[in-house]
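Chain IDs A, B, C and D follow the sequence of writing; residue 1 opens each chain.
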Amino acid sequence: MMEPSSVSFSDILQYIIMGVQSGCIYALVAMGFNMIYNATGIINFAQGEFVVLGGLLMVSLTMTLNLPIPLSFAATTLAVTAAGVAMERFTINPVKNPTVLRLIIITIAVSIIVKGAAMGIWGKNSYFMRHFSGSEPLDFLGASLLPQTLWIVGTLVLIVAAYIYFFNHTMTGKCMRACAINRDAARLSGINDRRMVMLSFALSAGIGAIAGIIITPIIQMDYARGALLGIKGFGAAVLGGLGNSMGAIIAGILLGVLEAASAGLISSHYMDAIALFILLLVLFVRPSGIFGSSAAMRLKEF
Amino acid sequence: MTDNPTRSFIVLDRLRKEFGGVVAVNDLSLNFAKGQISALIGPNGAGKTTVFNLITGFLPPTSGSITLNGVNLSGKKPHRIASMGVGRTFQNVQVFPAMTVLENVMVGRHLRSRCGMAVSCLLPQALRPEEKRIREASMVWLEAVGLKDQADRTAGSLPLGSQRMLEIARAMALEPSVLFLDEPASGLNARETAGMGDLIVKIKAMGITIILVEHDMELVMDISDNVAVVNFGSLIAEGTPKDIQANPDVINAYLGA
Amino acid sequence: MKIRHVLTAMVAASALCLTSAAAVMAAEELHVGCILSITGKASWLGEPERNTVEMIAKQVNAAGGINGKKLVLHIEDDQGDNTQAVNAANKLIKKDKVCAIIGPSTSGTSMAIVPVVQAAKIPMISCAGAAVIVEPVAERKWVFKSPQKDSDCVKRIYDHLKTKKITQIGIITSTSGFGAAGRDQLKKIAAEYKMDIVADETYDPAATDMTAQLLKIKAAGAKALVNWSIEPAQSIVPQNMKQLKLAMPLYQSHGFGNLKYAAAAGDAAEGIIFPAGRLLAVDTVAANHPQKKVLAGYRDSYEKAFPKDKVSTFGGHAYDALWILVNAMKKAGNDPAKIRDEIEKTKFVGTAGVFKFSAADHCGLDKTAFELLTVKNGKFVVLK
Amino acid sequence: MNMKDYIGIGVLALIVAVMPFAVGNDYYLGVLVFTALNCLTCIGLCLLLGYAGQISLGHSAFVAIGAYASALLTTKLGWNPWAAMGAGIVISLVTAVLVGIPTLKLKGHYLAMATLGFASIVHVVLVAAVDITGGPSGVSGIPRLELFGLALDTDTRIFYFCWALVLVALYFAVNLIHSRVGRGLQAIHGSEDAASSLGVNITVDKIRIFALSAVFASVSGSLYSHYVLYIDPGPFDVMHSVLLITMVAVGGIHSIWGAVTGAVLLSLLPEGLSFLSEGLAQFNIQYKTDYDTLIYGAILLSIMLFLPEGLFDGIRRSFSFFSKTNTETERGQ
């Protein structure tokens, strides 16, 4: 009667679904890293906190205030975007000629503040949130698929489409790209680079918030989740080549799937270590990422 | 020419460096003579600083070799090359801004002193004599460049001219046999440039070989014994300052052919 | 520049404040320490416990205190963190000079402070489930506990599995103190009940997804699953089971005894079976049952004092612990050694069962203290 | 030159000597023991961060290695605590070298993230390797240290022992800073290119100072184990690394005294805040320990924005207690 404990096709598919689900989130966090990095050369250590803020605010709006999901979605994204702008205005903008070390510590300080504020407001509990369109699983080639997973993948696709449109077909987007390539030259051709920096924080925070909103029904959000989400997102960003957002998306999903596979094949306890280990490996062996060119890396100064 | 031992103190043999697809140094073969001031000139982006970085170990060459006194330098780390008696300064001046002027020069004595981490922590008394020697030797060089009375200022607070002097004093504290100066007069005014020229000549008089990258042609022609002109990573002319000034290729390169 | 000076002065001033001395204690007060997980992963245990001890202290003091002396509680929040619990125990013993300690809330935090109270010779009544907290008694002279033992809980679950003729089971346990102790008991007692544990999976208390473990349990051919944890993570197991359409019966431990855990799992919680004290099903307890009065009394006073909250077994454990201590202190005053001796002689009808402490038993309850409950329409009811 | 530093160490030694008499309560002595442990780690971290200019968000891992080596070797294998501490030092040293070789090639943000990743991995392993580390249940029953037959079993004894180690560590650090090796490190901070052009082996020197600071952290972790007698992964998460960096940065990264100032102030801060909360409670204002994190962040951010050279520098400027030296006042561009 007893089945042999072997891994079936549907199980493998199940792991891939799990991986893609979290991979989409890593990809979004990585895009957030890239935006600020391209505009300023800064790695924002508070990136993961945007995700947490998004998730927790969404929980409060939908679960506590019982607002409809679309309204809460918009309000949360706006609020976190505003937080991103505030971060830039009050902590990055006032610092003239900062050292890299000082910038790192400043963004770390912001992350501690956000984490502390989140703990003060929401406490240490994990928050459950209802799925956007029910939690009844769908059948997908023998594996089960949550409607929320479709929401997550769909959101990522939409954001990527918006991203491509913004950076290729709008003036502001083109200006941001110009700043990323050569800030001095961009400034000389009349682009307000300060404004671009602020915009990059706004967009980055907004994308982080969306990531938090769509994942919370599945992972339950708590105040302390930012650091790990941030570092895994950074892993995706580096894997895809820092500054290269399309690379980050592929890398993010790859990282998610590798992580899920390791949970299935090795142990779910070491799952978090796997992603970090890949991050270190990439940093040591090929810091330009799997898609980045090493020559371009050398030109960037840190 | 190559069989002359003094002429072949430093030998670059088909030295090549590529960045991605860009060739910065193109199979350059060049000799520098011992005890002379040799200048390396060329338009911006000609690959002069890259040559310096290749010789002093900051960049690995794509191919070709570099020898100093017959010893192969290519592939060695900068600190190993420094220990072989090669000193250098930097185009964008790189003093240690947070340290005092004296401490900057004392770092130059790094290779001329021995004490390790354990002894430093545990037995500071044992190091007093060595520390004293380091300090004295460093003061000699500060005096030589005219910064003795600035010894306790932080290096970052010095004006650029003094920082360039300090860089040279620091490199000289290494007691090198050859000194590479990367645009020592850049950013200096006429008076400071003249002082720099005097200093370089004084160093040569101590028997030290000097290789110079410089845009100030007056200074180059004034003090150099030999001038090499490179463009697009290739040698286009070599000779005494007088020869070079008359060379049509050089004039072409500078005016843009 | 100015901001620098102000900032510097502020920090310097606050540094000075730190060195000022501690408060003086009055002689007519009896100081009892409570270490509870009021915030953090185990806050669904610690919160009702904190509410309960504060409520009882008010009642005791309103009735004239203990032999006329005021009961003063020093409540520390260990945040569910073992190290914080150790620090809190040291603080209570060294700074607040308490004569006894109620709590901690979880097995992990309790195990962490056992050496501290043993060394300081201060009696402690833990509110946590693992039997190892009080066993072996020879090494736990100063340690008591008020909840039922996890070993008895395992026996009740295995009894029920036997009646269902299920012998191939999977177990999934949290790696925290309660989960790890439960895992040991599940494996130890399995042989006695001829249970075949075909899958033995664990999860981190902070984990958010157990799909991987559940897929392995499914592949191993388990016919029922026992999920053992005290943290909110335990609610993810039924959710993931529903997502994977795993239809095997799910058993939980007595660590499931707060309705919030069932609410967190949503409709996936329906049909979960778990042993628990009778507190959660007061209305179904026979009127002549010895516990009936205590259970109804506690439930009513708790839900009156905290109208937003529902009664939970965990608050009940704090109720039992503090009353056992107060009764002992009525005879022993504030002498820790005498209090300990009194607790060891205690017979007490509480929310978790009828306690009979002895030199050989620092828990005082057996498996009859448990009732099998199940989740029906989002409520806890006695399993028929 | 380093006379001023020696005087500083002497003054600190005097304060340490009288402290147990000034502090009547064992609990507060215990707080000061934790303060000493943080000082120890921060002194090493300051050598790495402030002098050699290399950021590490991974030092919680070395504290953890020391703590777990001491805890596991004594409880599971019955080792002598000193031997276990020694083993912790060796393991930390080897780990630091192995991790340092690839990691310290990275700069700035990359280095920060890589060390953060390393610390996270160590934490994940501590939680996950239940069979070895006990997982979240931790390790209890760790024995106390004994010194020449004298058990370090009272808070006063442990207080003296830990602070004595801090003084020794300070002495080492001060000597190192003013030596050839120390100058080499500061040169690396100033310009890696210039330093290596003068013969400083930047790769090896960075690894060596990383290893030395790891040893300090490891000793601090071992002492923690033998003082608290119970450990679990909780205190050794990456937040602890961040807290250590906060201490060094708040005090001032460019001076070893800054690191000590920061470690002392931030270690005492929770106690200060609990006093504050008792005060506020009288006005019916609820202060929860949950807000501590927020206050840490706010302090760190204010310091970074308004006093980037740290509090020690600020205090010195305000009180002119230590007369200025050019060396340290204008550090850091």
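The criterion applied here is as follows: a contact is a pair of C-beta atoms (placed from the backbone, for glycine too) under 8 Å apart; a residue touches a chain by one contact, two chains touch by 3 or more.
Remember, predicted model here, so these are calculated numbers, not experimental data.
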Checklist line | Of A-C and C-D, whichever chain pair has more C-beta contact pairs | finding: C-D
Check: Most central chain by CA mean?
Finding: D
Check: Looking at CA centres, what chain is most distant from chain D?
Finding: B
Notebook entry, point to check: Per the centroid of Cα atoms for each chain, what is the distance between chain B and chain C, given in Å?
Noted result: 73
Item checked: Inter-chain centre distance, chain A versus chain B - centres from mean C-alpha coordinates, in Å -> 47
Next item on the list: Between chain C and chain D, tell me the centre distance in angstrom, where each centre is the average of that chain's C-alpha atoms.
Entry: 36
Note to self: I need the residues of chain C touching at least two other chains; which ones are they?
What the structure shows: 39, 175, 202, 204
Notebook entry, point to check: Of all residues in chain A, which are in touch with two or more distinct other chains?
Noted result: 123-124, 269
Item checked: Junction residues of chain D, two or more chains touched -> 127-128, 130, 290, 332-333
Checklist line | Interfacial residue positions of chain D with respect to chain C in the complex | finding: 22-28, 30, 127-128, 130, 135-138, 140-141, 155, 228-232, 234-235, 265, 268, 271-272, 275, 289-290, 299, 302-303, 306-307, 311, 314-315, 317-318
Note to self: Taking the touch rule as given, give the residues of chain B at its contact with chain D in the complex, in rising order.
What the structure shows: 56-58, 77-79, 82-83, 87-88, 90, 94-100, 103, 106-111, 113-117, 120-122, 124, 127, 130-131, 134, 152-154, 156-157, 167, 170-171, 173-174
Next item on the list: Using the touch definition up top, name the residues of chain C that touch chain A in the complex.
Entry: 39-41, 43, 79-80, 168, 175, 198, 202-204, 207-213, 215-216, 219-221, 232, 236, 239, 242-245, 264, 266
Margin query: Taking the touch rule as given, give the residues of chain D at its contact with chain B in the complex, in rising order.
Written below: 2, 172-173, 175-176, 178-184, 186-187, 189-191, 193-203, 208, 212, 254, 326-327, 330-333
Note to self: Considering only the defined contacts, which chain A positions touch chain D in the complex?
What the structure shows: 42-43, 45, 91, 94-95, 97, 99-102, 104-106, 108-117, 119-120, 123-124, 227-228, 231, 234-235, 238, 267, 269-270, 272-273, 276-277, 279-280, 283-284, 287, 302
